[in-house]
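Common to both upcoming complexes is chain A, partnered first by chain B, then by chain C.
Now for the complex of A and B:
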């Protein structure tokens, strides 16, 4: 009992919020492309270059803000290349996304070697991280619960505030509506004189913007460093959440919180002396189980039809005629 | 008086193919003008030119007497033209109002004003008598209502000239009647309606004027009242087409197909075929009539091996084929023209030649030692393209590039060019234009003369009366009666189709 109390407390909730933020940012970015009918597996790579160039920008200018801007700019370049290949040249989304992910991984490693002469990670070099924001009066009002709303880095607030904003965006703005229409029925958009190409480019760039922010948050948020492949599958997890949430911001939030919680829990468990290699699998196990349960409930037509036809094949003919 | 729309000497070419050749079309304001012609006559091309979707190579467009250039649909909409496409372009997850205002949303302070959109949709719906619920999601609605929404979209954009492309192809007869009333309401309000069709009854019923196109050229424009259906067909096809009973010699030989007390269930597990017994003899066409959904489809599927029977048996010659696979049944001498050509008739992505090959790819001379002899396949495909007059660019063209009628001819060509002794022909001319219909009928009669046994399933009574020797009528899974097709009346068939068995009809004839 005591162990549980130590495990599940305010600190765990705070940690959950913190670990949810990057995956939420990138998943919300992916909601633009998902809704526009583009399967964007390139989130991982966009996030990674965002993280890398945020660190570079921060070192060169000494400003965290310019660092974030550099990270976003790099992710936008990746998003633009993705859109160019997928929307304009109609290349396969999965192939292009994977290629860009591999490029992002290799590019950051070789640039690190070229600029810093090291492998593995960039630490120090005068990286300026993002400041923690204190909400005035939180301490007095909430007492020991104050860390729930105060003391996060700015992009955490951005991530969570974006959820209601995106709900409004998709329901009440023309661009939001049109992004959804382009994904669901491009013919309908074209018939009303809307440019499917323009809207898909816009969606892809908006996605790059948020993926870049997510990357910058990772390298300039709580830890101020860049390590090889530091996005460590968050972009892919976001893709997974996007698939079953269909790009709906509220459902995205719930999915991301689940992964964030698993992440935070595994970090806490490590401090309790559980073998770390087992504990580190927790988020991924949670991901698999959640995806399986959700996928089974809303299993696509293909799976359903296969199951049905198997059942038909195995069914035994009635022995007696009906009269 | 100015015309609402006047197209002068419109020519539109696609590569070496001329879809419209110097076509004139003059539509008076306040009339319903039908544009008719067979598939591929250039109707849709002409309408796409009028709606700005295609640019004519030659000719000019006058709207209300003024020469107009229509570089795109937006310009056409601005000129007061609206088009309701054959395939609806609605977004299922959005509401009726959202679909109506898609691309021209009413906004307030930068945000979409859903309430105003719903109110405006309700107002349009009342004004024009197109009943819809503005707040409902489109995905839940029937095809008839979807069409109303498409029409509302056009009205919301201020159209006075409305083009409808094959509007009744997807509607039930009741929905069609409602649509016609709506269209009459439009012209009563001074609007102009142009509608494309190849359905002659409705053209005769609803239009004021008819323009006939054939092979990309205008044949005539006439007031509908001055025309008979036969004259219209003559103009569309270019020759007289007879729907009369085909002359024949009595040729019933030995029994080929024997069905004994067959039962089968439908998808829900309910009996769909009940205690059906009949025979088809060599050189005989047996027709199966019935309102769609009375067990004909299930019967055909059982005979083709695509659905298990629950009781009873059937034989081809001496071979009992009950419960055998489609391949085994085909090997025993079945050829099958399925009711839905796109699902079971062809692989739309494969070439014409590959589709002609299918079902005999493992037999010489089509293949040798496990390898397909493509030069032979192509040679046979070319021969069949010629014999069946399949309009295609060649044996290597993908089937999906063909029109519906020509795809059906590919299926018929494959099935009728084997050595099957029994032909199971399900809805052979569904959605096929008149010229192709006649060609397929000719081919069925030729197969009969060659001594094949033919089971012809059709929902078109005139087709059955023209071709069959005997007609079995199915109702609720049973054979209600069998009639000699010689001298049978549609009324007599109609009674049986409705499940009313007159005493004069004896069940013995089924044997």
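Now for the complex of A and C:
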């Protein structure tokens, strides 16, 4: 019991919010492409170059803000290449996404070696991290619960504020609706005079913007360093969440909180002497189980629809009227 | 120009563009592209030992590539070859050091258990893909991370060599996959890989089942109307693909390292997937692309000694090639859009 009390406390919730932020940012970015009908497995690589160039920008200019801007710019370049190949050249999304991920991994390591002469990681060198924002009055109002709302880096607030904003964006704005139409019925969108190409490019670039922010948060947020392949599958987890949330921001948030929690818990468990190798698998296993469970759950509808349409096609039996 | 000639020319042009881009990247990291390519080439083919080394690196890439080819044929992406390789490698090493068995039988059992381990590792993602349509790209990628961590855990916490550092005890000599030459660790795994490539090519070309799988890959609806149970077939294809991935790990464990250790065979699974993609899922083509990647890898061993570039520059070149080829083929396909659509063709 005492262990449980030590494990589940305010600090764990705070840690969950922290670990949720980068995966939430990248998943929200992915919601643009998912909604626009693009399967974007390249999130991982966009995040990684975002993290790398954020560190570079921060070192060269001494400003965290410019660092973030550099990270975003790099992720945008990757997003642009992705869109060019997938939308304009109609190359396979999975192939291009994977290749860009590999490119991101190799490029960041090569550049790290060229610039710093080291392998492994960039620590120190005057990296300026993001400041922590204190919400005024939180301490007085909430007492020991204040860390729940105060003291996070700005991008954490951005991530969580983006959720309601994106709900509004998809429901109320012209571009948001267009993205949805292009994703669901590209032919109809074309017939309406919408440029599918332009909207998919826009969606891909918006995705790169948020993936870059996610990367910058990884390397300039709570730890100010860059490590080889430091995104360690978070982009892929985001894709898993995107698949079963279908790009809906609220469901994305719930999924991301689940992973943030799994991540925070696994960090916690390590300090209790559980073998780190097993504990580190927790977030991946959670992602896999969630992916499988959701696929299993959505099955009945799919099977029912297929069975119905088959029946109608073959007209063996009339479609059941009570449905 | 006839179509095949144009296709090959296009592919060559794409590779040339990618290498030119790679040269730019090498310039960007402050090295001379000519020197880097020279070092890469000499490191790969400089003398007999180097060529054997290239073939040694080619072996796991080829076997993993065949694993990927099998799934690509059915229009499925097994990106989890890396994880299957790790599971297979560990399983084979375990058979190798944990049991005392007669020589030839020991090797065969080790390879068989490796294949089984790979098969078991893909079984759950394959089941959910075939039965419920759970995206296999994501599930197999995520299971890679689990496989790497799990085998590390098994190695370090349960089977560590006494006094050793994150590695299992060495396997018994009876479990060695024998070397071909005495000057290199190159082993019979390369022969297994080549035989697999030819066998798989023949299977897809000449057997009804192979044709059914190809049909499923190029047009699943048509295959279904034609009476193929695409769920069952998809499941079986992924299982076989996983088994071959596991076998690749078994070959590495019994033929090269003769033990299992942390960071065993990094990236061979991914290289295999890329080699298969570059060959458009063709098993014989994969021999060529795997050899190319094996040469790049072996050449890169000297890169950090002789130049200032890091050896990851070769992953950059590989990625650029894939990107260039993916764009190029589609420029061709847009012209004749009536060509059959293959999900995995890029």
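Everything below uses one rule, namely that the second predicted complex is superposed on the first by the 298 of 323 C-alpha atoms of A that agree within 3 Å, B and C clash if a C-alpha of one lies under 4 Å from a C-alpha of the other, contacts with A are read in each partner's own complex, and residues count from 1 in each chain.
Going forward, a contact is a pair of C-beta atoms (placed from the backbone, for glycine too) under 8 Å apart; a residue touches a chain by one contact, two chains touch by 3 or more.
Note that the coordinates shown come from a computational prediction; the quantities given were computed from them, not determined experimentally.
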Self-check item: chain B versus chain C as contact partner of A:148, first or second or both or neither
Solution: neither
Quiz item: Does chain B (first) or chain C (second) touch A:175, or do both, or does neither?
Solution: neither
Quiz item: After superposition on the shared chain, which partner residues are touched by A:109: those of chain B (first), chain C (second), both, or neither?
Solution: second
Quiz item: Looking at the overlay, does A:12 come into contact with chain B only (first), chain C only (second), both, or neither?
Solution: neither
Quiz item: Can A:237 be said to touch chain B (first), chain C (second), both, or neither?
Solution: second
Quiz item: Given the superposition on chain A, which partner contacts more residues in chain A: chain B or chain C?
Solution: C
Quiz item: Which holds for A:184: it touches chain B only (first), chain C only (second), both, or neither?
Solution: first
Practice problem: For A:269, decide between first (touching chain B), second (touching chain C), both and neither. | Solution: neither
Quiz item: Touching A:95 in the superposition: chain B (first), chain C (second), both, neither?
Solution: second
Self-check item: chain B versus chain C as contact partner of A:41, first or second or both or neither
Solution: second
Quiz item: Which chain A residues contact chain B in one complex and chain C in the other?
Solution: none
Quiz item: What part of chain C is in contact with chain A in the complex they form?
Solution: 25, 28-31, 77, 79, 124-125, 128, 131-135, 137-139, 141-143, 145-146, 149-150, 152-153, 156-157, 270, 273-274, 277, 308-310, 312-316, 318-320, 322-323, 326-327, 329-331, 333-334, 343-346
Self-check item: Residue ranges of chain B touching chain A (in the complex, touch as defined)
Solution: 72-74, 85, 87, 89-94, 98-99, 102-105, 107, 110-112, 114, 263, 271, 308, 310-312, 323
Quiz item: Which residues of chain A touch chain C in the complex?
Solution: 41, 81, 84-85, 89-92, 94-96, 98-100, 102-103, 105-107, 109-114, 119, 232-233, 236-237, 239-240, 243, 275, 277-278, 280-281, 284-285, 287-288, 291-292, 294-296, 298-299, 302
Self-check item: Of chain A, residues touching chain B in the complex
Solution: 168, 171-174, 177-178, 180-181, 184-185, 187-194, 317-318, 320-322
